[in-house]
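Down below are the structures I want you to see.
Look for subunit A in each of the two complexes below; its partner is subunit B in the first and subunit C in the second.
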Partner chain A sequence: MDSSRRTFLKIAGVAAVTGWGARPVLDSFASSGGHGEAVEPEAKKTGEALIGKHWGMVVDTTQIESIDDLEPIFEACHKLHNVPVLKNKRHRIMWIWEDEYEHVFPGQESPYMVERLHKTPLPVLCNHCENPPCVRACPTKATFKRESDGIVMMDFHRCIGCRFCMAACPFGARSFNFRDPRPFIEEINREFPTRMKGVVEKCNFCAERLAVGKMPACVEASNGILTFGDLGDPESEVRELLREHFTIRRKQELGTEPSVYYIV
Partner chain B sequence: MNDRGKIIAGLAIFIAIVTLPFWFNMGKAAPVPDPKLTAKAKAAKECVESTAYMRAEHMQLLDVWRDTVVRDAKRVYVTEKGKEYMMSLSNTCLDCHSNKTEFCDRCHDYASARPYCWDCHIDNPKGEN
Partner chain C sequence: MLELALKGSKKYWGLVGFLAAIVGVAALTWLYQLQFGLGITGMSRDVSWGFYIAQFTFLVGVAAGGVMVVLPYYLHDYKAFGRVTILGEFLAVAALVMCLLFIFVDLGQPMRMLNVLFYPTPNSVLFWDMIVLNGYLFLNIVVGWNVLEAERSGAHYPKWLKPFIYISIPWAVSIHTVTAFLYAGLPGRHFWLTAILAPRFLASAFASGPALLILLCLIIRKFTKFDPGREQIQSLAKIVTYAIILNVFFFLCEVFTSFYSNIPGHMHPITYLFAGLHGHGAYVPWMWTSISLMIAGIVLLIIPACRRNESVLAVACAAVFFGAWIDKGMGMISGGFVPNPLEHVNEYIPTPPELMISLGVWAAGFLVLTVLYKIATSVKEEAEGYVSTP
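What follows is the complex of A and B.
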């Protein structure tokens, strides 16, 4: 074929026009997939749900005599949430557990402080920080702070098990499932899921119980040691306690703003 | 053109090898699965949405459900007809479809789909079997 600049320009022009004209056809093909278009769900909260602006907890350490006062608390939580019991200390999974004052409040101990605190075991759990470092560290947003009520939650569907959150948490509140936890759950609670190997877990402030109008399991089992409520409501029970008692929070100098307060 | 015989033989062998999987599996197609409904599911007549929708899109629905429950803290699903359901795989879906092996697994096995829901969610919440 004899090619010249003239014929080339002609062909190019025609091609451009037809190409432009074919666009709507192609677009409509591309959009009519039909599959994977989920309906926008009509969803709402349960009617009986407890609503709070900023959930928090107050631990009254003056009521703790010995570890026997705390065991029922741990048991209630761990049974309800299918937390496995692992013998190997490095594999252990804990949502709420005990520690001594020196470890809970490092830097705030002194040799001559009130004697009770030297021997009282203190319950520790996720602090549901207002400024949670674990959430900043998570690369998949599997852990997130629920804006509606301040609970720091885990979305196990998204967790890839990188454990950045465990490194970021200054309170050691997170545990990793190094093994499939199912064989180590003593008595399975069939209404709550278990976890799988390779995800990080921690306390969820009993979000599933708040949704049906119940207080967290630990609070119910605590005989008054733990008080749970809305820190955003000045009339709430926790705010009342905070007004009347001197309280401290864990590692406050780090600026994570924990939501768990200790009366000492 | 002296290699005609070789070329044709080579082509024949090539086609035979490429189509081998089809010959190999001929007549061995697995029967179309027939998921069984429990008495409770039958009595309910309709699932959360229409049967056709559930058959084709239940995975999308469950995906939306899990995000809505975990991330938005909304646990109640309202259908177009205004009926309300708790969004829970173990406690709502499997309440009716309590026969996972005869219901879920039949199609999943046929389609070679291996959902990992059951690694965490309890597959027989009533503890029947």
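What follows is the complex of A and C.
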């Protein structure tokens, strides 16, 4: 059962495109208001799913005025993905959250930095690294990189909760369910699985939405702060942005090759 | 031979009962953890490994340290250690039992533990660690048991055992090297990301393992008719001396590189542990105690008159053991996780249930050790002509 679910996760995108097999299963994942209207120019769309060679994200920090611009982004993700709200700081689960420049890019701050960056809260999430140390560390392949599009995914049903991946991730992108999260989910979204205690979780680049032709929830809620697209396609919007703006990535020196870029 | 474990004095049964009681209480606490989740511990999103994994790491060292009596005997034909190799092997068995239990209680989904076997993943160091630890456990049980059994019947141990004995020597080094690689290969964890971590682990292992063995030898001499021997204890003491000096030396190398290079990421964890960072310094007194104990141990061990006096030697070994325990069983893990990858300082303080479970695992290990040592000493007593003590 574990392995069938996993195989499903891996091939979901592909199967959806080729138009057979996965459709009925995908329906159980699809968002309720599923009109599939999110048509993005850069994504080659076949059937229903958005297909990319290497999904990536560009964060335009120049558009962020205050935390109020980011709250809807976090809420969209956490509501959709049944992320619990835990009072105990130690047990907190976060897929996307904010921090200051000096914490997002430690070692790159300077005392006389451009004023704006001192104050702007920046969103942080899993970088879907091209060389993900979390995947290297995982002893069960419960964390794996989907080769078709580079998304670093989790199989919640295989994870043994050893937390090696958390020690390995240099970005603090992973959370562990220190207790049963279900009582702390304000409103359960039945179209996305809830998790049990004792497993790790993180941002999945909205793989379940891409599979039905939708952009990630955070991107839709971001008012243009976040742009998502195929880094493998030179014509894509993200590549366009990267060509035109100076961008940085988190801890580039570690060689994990993050797929999330920041325009600063 | 197992029957020897069932014929013991009141004191023996008292100790067994006492340890079993602790294990019982800890088992109940673990059931509570199983029901609630790891949230009953002090671990957090930022410090995602805590006391359990730290004890595991320290005990891998104790297990590897047992080889320090096996190696001189079999490779250098140092006959004197023949009397005590079994003690080293059985100590390794008990330590490994604790290691595996600590891994087990640390898992969020322990029932899925076998997924590591169902989906073998050679790129994960944890996968290899599992192999070397279980392999070493197997080797020590097989070798220890058969050598002891041969000794009991007054024969030489069977020939087929030889390869196992030789393999077990590099294998001991491998268990602690692989355990160090769990940490030393993680990008962004500056405290661990150092090539000297494995050598440092081995040095502290070869100090704390034999130090514990000396203490155990002294206890055995006191409570049984078997005397592990003065020469044996003195030779072990020299091993402890060299190893603990190396351990402190390796640590100082680390301090030099971090602070002379002045790279913030490398300095932060050490500063956090030894001076506190951003107002957080729970480990400061512990770390200084650790350094003081290790240095006191070195001084006592270096002075020949002190080392030769077995009461002083016992104090020195206790100092080395606890110094190394704080260093590895507390500081090593916290230093790796604090500050966190986003350079925030969120401290980790173990909780009472977490400590109870840890104590229970230690008790389980010492229970195994007590039973195994009872068997070993009874065989030795018989061999030396004493009748089994009632």
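Before moving on, here are some points about what is shown:
Keep this in mind: the second predicted complex is superposed on the first by the 218 of 264 C-alpha atoms of A that agree within 3 Å, B and C clash if a C-alpha of one lies under 4 Å from a C-alpha of the other, contacts with A are read in each partner's own complex, and residues count from 1 in each chain.
In this text, contacts are C-beta pairs under 8 Å (C-beta built on N, C-alpha and C of every residue); 3 or more make two chains touch, one makes a residue touch a chain.
Fair warning: this is a prediction, and the values are worked out from it, not measured in the lab.
Applying the stated contact rule after C-alpha superposition, one finds that A:153 touches subunit B and leaves subunit C untouched.
Of the two partner chains placed around the shared chain by superposition, neither subunit B nor subunit C is touched by A:72. Touch criterion met: A:190 reaches subunit B, while subunit C stays clear of it.
In the superposition on chain A, contact of A:103 is made with subunit C only, not with subunit B.
In the superposed three-chain model, the partner touching more residues of subunit A is C, compared with the other of subunit B and subunit C. In the overlay built on the shared chain, the residue A:232 is in contact with neither subunit B nor subunit C. Subunit A residues 196 lie at the interface with subunit B in one structure and with subunit C in the other. On the side of subunit A, the complex with subunit C involves touching residues 2, 88-94, 99, 102-104, 106-107, 124, 133, 136-142, 158-164, 166-172, 175-180, 196-200, 251, 254-256. Of all the residues in subunit A, the ones that touch subunit B in their complex are 35-39, 41-46, 49, 144, 146, 148-149, 153, 155-157, 188, 190-191, 193-196, 207, 211.
Of all residues in subunit B, those touching subunit A in their complex are 49, 56-57, 60-61, 63-66, 68, 70-80, 86-87, 90-91, 116, 119-122, 125-127. Note for the complex: subunit C touches subunit A at residues 36-39, 41-46, 48-49, 103, 106-110, 112-113, 115-116, 118-119, 121, 123-127, 130, 182-183, 186-189, 264-265, 336-337, 340-344, 346.
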